[in-house]
Amino acid sequence: MTALLDVRDLVTVFPSGGRDLRAVDEVSFSVNRGEVLGLVGESGSGKSVTGFSLMGLVDAPGRIASGQILFDGDDLAKASPEAMRSLRGRRIAMVFQDPMMTLNPVLRIGTQMTETLHAHERIGKPEARARARDALAQVGIPSPEERLDAYPHEFSGGMRQRVAIAIALLHRPDLIIADEPTTALDVTIQSQIISEFQALTERQGTAVIWITHDLAIVSGLADRIAVMYGGRIVETGPIAEVLTAPKHPYTRGLIRSVPSENSRGARLAQIPGVTPSLAHMPQGCAFRSRCQRADAACAQRPGAYGSDSCWHRCFHPHEEALT
Amino acid sequence: MDSKLADAAQIAPPKPRASAALLRFLKAPTALIGVIGLTLVVGVAVFAPILSPQDPYDLMQLDIMDSRLPPGSESFTGVPYHLGTDGQGRDILSGIMYGLRTSLIVGIVSAFVAALIGTTLGLLAAYLGGRGEALLMRLVDLQLSFPTILMALMVLAILGNGVTNVVLAIIVAEWATYARTARGTALVEREKEYIEAARCLRIPARRILLRHMLPNCLAPIIVIATMQVARAIGLEATLSFLGLGASVTQPSLGMLIANGYQYLLSGLYWISFYPGIALLITIVCINLVGDRLRDVLNPRNAR
Amino acid sequence: MITNLIRRGIQALFVIFAMTLIVFVGVNVIGNPVDILINPDLNQAERLRVMQNLGLDQPLWRQYLSFLAGLAEGDFGDSFVYGRPALGVILERLPATLELALAAMVIAIVVGLPLGLYAGLYPDRLSSKLIMTGSILGFSLPTFWVGLMFILLFAVQLGWLPSNGRGETAGAWSFLTGDGLRHLILPALNLALFKTSLILRLTRAGVQEVIAQDFVKFARAKGLLERRVVLVHILKNLMIPVVTIIGLEFGSLIAFSVVTESIFGWPGMGKLIIDSINLLDRPVIVAYLMMMVVLFVTLNFVIDICYTLLDPRVRLDGKG
């Protein structure tokens, strides 16, 4: 079976001070139909830029420099702007991080929903409105008919994110890119939204790329996981495998730094140092400046070691499982 | 508690290095053009008595025979009039040099006094808060809802014409901008912890205002004041053109332009044209410098 | 919403009242009306008689009350120059000024808004940089001097357009006749120059602020046509500040028309007030100032309402 999305050696650059900084550096991964991929990393690791690259929405002057984005067999990296536009919102949808910012404050909710329908389908106004209403009902918004005429500021943050999800699901897309959709919400709302999101995408058979910095969220949600650091994917594989036996020191550090109930009282492990900025990324393995296992070999770029579906980029991988 | 100790730099946010800022300032070619142009303009104004071929206010030096000569002509006695002469046989070039003096003085004095008054009131309002603040800000809002020229006309209608009254009019018309900016930035500062710390340490109000709040408001105030000098020069020229400003004996650039108005229809363009160019150069140079200052001093743009 | 309107209405009335006080104090206390109104050659007895006639011997508060009473009836006294009621003299000139200001506003919007939108959407293009440089020039050029240069170029050198007066009018308006329209072009362009630059720069700044917002990216992520993203999502958010500015600037256009009217001999209120200041025609000056106060307070009031209609967030605040 061919993957729905197959990203190969994607490089997205931002020109700065006369050179191109690689925000996304030879990233490869694939997503099958109906699959949930967790794309995990700290802020600045390039995970959001990866998401925007897939949508063809990298902010100028940034651009995709090389690589392929095979979506259902077509290379999106070479697609025309119009082809990308017609794909966006219809076959690949996106949900953003901050629901307070994603809805246009001066347009009614209904308008912001139906315009999405009108952009891709020849459809009458009453029908578009009916579908928008159904979509609102689907994400659990009470009295959807009246709410269509409301403005975003009349909704709470959680409600707004539901609206954004409803908009993303309007066209039953093949793939949804969810860029930290729950980070800005209260914890109680977070779990509600996650479980509803999960149910809806499962029912529609939609594949999901869930971008987050929060391993805890991904562990209960994703089928597979890809860990990003410094613009590169350092480790990827089935979620259970990666979480129980992480090979890359960074993945390991990330998992260790998640507080859990049984380590109460124990000192929380931290990864020493801070994420280097794009302009000061070390040569070779990007993580070596913070890695305790690093040696001279790490000045070379590590390749991908392991199987096709489960690999890591480290010269000195951990072999044992986490205890 | 030694207030000097607490006053030391550690509780105030770090200040940017002046030399670095200057370097950054000059990086843009427009800023460099502005600075050079402005230096020239100010130099010409300061040294007008030395540089100018003629003292345009010394009636003994004027010859009515030389009136309305086109640029490049020579006087009866063989002195060249590079930019021509006006209706009284006055050398336009010399007129411009002396006119620049009046214009610059009016611009700088009015902008400075307005900045002083406005900033003081704005800071006080921010520091004191309460009724006084509300009243002052109402006044500022009211003032700013009227265009400057209307405020100026109001003042001149009440006080009568003349250069001093024009300066007063500009101050009345412009102080509110400073007050609003000073209060705005001071309010942001007021909420910050170091001011809180300074208050807890019982540092006197005057000291908090002058040493902590003022320096933080200074950047935007300097930018506004720079731009305002240009606006004041333009406004003064406009009012003088309308016959409400400078007297005939001490003409500003606006007055010189107004003098040429009556000759314009007969095609004697130079009497109005060249003073206008001088005015334009002055205003553009100040604006270029101000524009760049805003970019450099704005912490949001510091990259 | 309604209570909000009423509150603002009361505030507006209070402002007008405060301004009557300022104008009255200014004209009657700071500027000495006796010097202005009375011929210095008169002897003491004659002076006293004139002062009694004008009510200047009364205590100030009584003078102020009669000033207010006159104000309520629109009676500012007779113009010294025209010998007719001052307000009437001004109102006669109102259409000319309104026409000029409106024409300038239309030019400023029609030119400034699209250019600002373009420069904001494509800031890196050479054409955008040229537009922005041009707008700096528009800011820096002294309006009255540009007016003179217009006359020099288009009226004197090329002889294309007239430089003085309104030309033929149909009713109160010039733009209805060909000749009047030709007379209108130069003054309107001149008055529009500064405002065009202003609207252009504000639009551009607004575009750049809005375009960086997530909701614009989200609109694109929905697959909307670029045209819709710009014309609906960006422009609608821009309209709030731009409409405010347009409203405020319309008042300022009327005020600044004093300059343009003086240059082009346009027989409006602006030219009248300058002449009146020079001729010390006090009733006309006071009437003009009070009219401007009322105009600006009303304008601000109307802008507030427009703002409320445009921005749904303000609407809710009004209710709450």
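Letters are used for the chains, namely A, B and C, taken in the order the chains are written, and counting of residues starts over at 1 for each.
We take it that contacts are C-beta pairs under 8 Å (C-beta built on N, C-alpha and C of every residue); 3 or more make two chains touch, one makes a residue touch a chain.
A quick map from chain label to UniProt name: A = ABC transporter ATP-binding protein; B, C = Peptide ABC transporter permease.
Keep in mind the model is a prediction, meaning the values are calculated, not measured.
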Smallest number of contact steps required from chain A to reach chain B: 2
Name whichever of A-C and B-C has more C-beta pairs touching across its two chains. B-C
CA centre of chain A versus CA centre of chain C: separation in Å? 53
Could you grab the centroid distance between chain B and chain C? Build each centroid from C-alpha atoms only and quote it in angstrom. 24
Of all residues in chain C, which are in touch with two or more distinct other chains? none
Note which residues of chain C are touching chain A in the complex, please. 124, 213-215, 217-226, 228, 232-233, 236-237, 240, 310-313, 316
If you look only at chain A, which of its residues touch chain C in the complex? 55, 57, 60-61, 85-90, 93-94, 96-98, 101-107, 115-116, 119-120, 151, 153-154, 164, 167
So, in the complex, the side of chain B touching chain C is made of residues 142, 145-147, 149-150, 153-154, 156-161, 230, 234, 237-238, 241-244, 254, 257, 260-261, 264-265, 267, 269, 272-273, 276, 279-280, 283-284, 287-288, 291
For chain C, which residues are in contact with chain B within the complex? 15, 18, 23, 26-27, 30-31, 136-137, 139-145, 148-149, 151-152, 155-157, 163, 248, 251-252, 255-256, 258-259, 262-263, 273-274, 277-278, 285, 289, 292, 296-297, 300
